[in-house]
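Which chain is which? They are A, B, C and D, in the order written, and residues in each are numbered from 1.
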Amino acid sequence: MDGGGARGAVPINVRIQREDFDAAAEVAALTQGRADVGAVVAFTGLCRDEAGALAALELEHYPGMAEDEIARVAQEAAARWPILGATAIHRYGKIAPGGNIVLVVATSPHRRAAFEAAEFMMDYLKTRAPFWKKEHRRDGTTGEWVEAKDADDSAAQRWT
Amino acid sequence: MDGGGARGAVPINVRIQREDFDAAAEVAALTQGRADVGAVVAFTGLCRDEAGALAALELEHYPGMAEDEIARVAQEAAARWPILGATAIHRYGKIAPGGNIVLVVATSPHRRAAFEAAEFMMDYLKTRAPFWKKEHRRDGTTGEWVEAKDADDSAAQRWT
Amino acid sequence: MNAPLKLSYFAWVRERIGLPDEALTPPADVTNVAELIAWLSGRGEEYAYAFERPGVIRAAIDRKHVKHDAPIAGAREIAFFPPMTGG
Amino acid sequence: MNAPLKLSYFAWVRERIGLPDEALTPPADVTNVAELIAWLSGRGEEYAYAFERPGVIRAAIDRKHVKHDAPIAGAREIAFFPPMTGG
């Protein structure tokens, strides 16, 4: 998918998938064959086991809208920072503790833009992308839906 | 090398080396076999070709002091943020455009701490670690030493 | 009269209503999202339970986030769900 | 009198002086880094060139960054270099 922002041909890759991702391959896709990238920030979000209580997270999403929202977030990042590329991959389905949930990568000539664009994408993705986490507990009880945190809203608001 | 900070056994890995590094392997070393890591931020700094003018960067360093300063920066990050691990690798010698220069990884239960600790380490590493870059130009002229940027000092100062 | 709408439900909204989606035709006096929620809440216990705290319910019209005062005229699909917890 | 010191030079300080390091014994009235720089500057053209703008020169005593007013008593190794450009 192409960013189509002010800077034209910034590559923006957005994927929603059940299968795992390979962060190294995604970074390589944004950096190989070009020598104008000076900074790469790769964020990986993983499933924590909540001190052993969690058997798995189950991620539900709104197909179609999930891709659209994450692409909008990435395009907004490309419009606000001089990035050279961005990738965002979000998994759905059952994910065991230690497993990957989300990957965000931003590349730029300079480190500050790469850091800020990546953090912006994560903050916005958390409050805008239609995903919901349900807990499956090791004691076999029916999982609860994870509650949204006010901290996530305020994290997103600091970019406005 | 062990962090030995307030939180005790936070693994801190610092290496100064001529050879390339493998960011994926370094991330795996901080995350595998544990399920308390919820967020990984990996920053990679690469050699840019300066619009084709640059043949290579040559990185000189102060052996011994370079390791010590970067370890101090990582330990400071571990004291300031609730991180679960940190890795910093800085290369020296000749590096061609597109090649890796520096890697910083921070892991944490939550994304904000991982982002901030990684950015803090990069900002401080740039102003404190004894490395100097010399340019080798494609036109064969003797390279100039890269000038330090005021922006790097102010980037580091915002954490104080 | 409104045209038939596709209504989609996610997470605990879906679980409480017991359906992932359905096609309904709201009456003509239902003009915005808040009115649609109120109308749905009157359709039965499961809807009343799903929408018992309308303030926490998020809505999307044709896959874009909207506020509860958004008009529904022309909408093809309206989705209801709790605050997002992805990432 | 001061004990012999290892002096180390890096980047263009090293290139201008023409040596990566050397062992020198500064006179007793050289007590801090600024005085050491002034004394070195008087040792010849190459030193004068290396230290022509003392304000930009960074110093480390025994591998720790210090300011120019740092006392040099007890130091084993003092390094001089330009502002760092790693990362």
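Methods note: a contact is a pair of C-beta atoms (placed from the backbone, for glycine too) under 8 Å apart; a residue touches a chain by one contact, two chains touch by 3 or more.
Nothing here was measured: the structure is a model prediction, and the numbers come from that model.
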Min route length, chain touch network, subunit A to subunit C, equals 1
With chain centres taken as the means of their Cα atoms, state the distance from subunit C to subunit D in Å.
-> 73
In whole angstrom, the CA-centroid distance of subunit B from subunit D equals 27
For subunit A and subunit D, let me know how many angstrom lie between their CA-based centres, rounded off.
-> 49
Multi-chain contact sites of subunit C, meaning residues that touch two or more partners | 87
Subunit B, residues touching no fewer than two other chains | 45, 111, 122
All touching chain pairs, where touch follows the definition stated at the start = A-B, A-C, B-D
Going by the contact rule at the top, pick out the subunit D residues touching subunit B in the complex.
-> 8, 10-12, 14, 60, 63-65, 79, 81-87
Contacts from subunit B onto subunit D in the complex sit at residues 45, 59-62, 64-66, 68-69, 90, 101-102, 122, 125-134, 145-148, 152
Spell out the residues on subunit A that touch subunit B in their complex, using ranges where they run on.
-> 22-24, 27, 31-32, 34-49, 51, 97-98, 109, 111-112, 114-115, 118-119, 122, 155
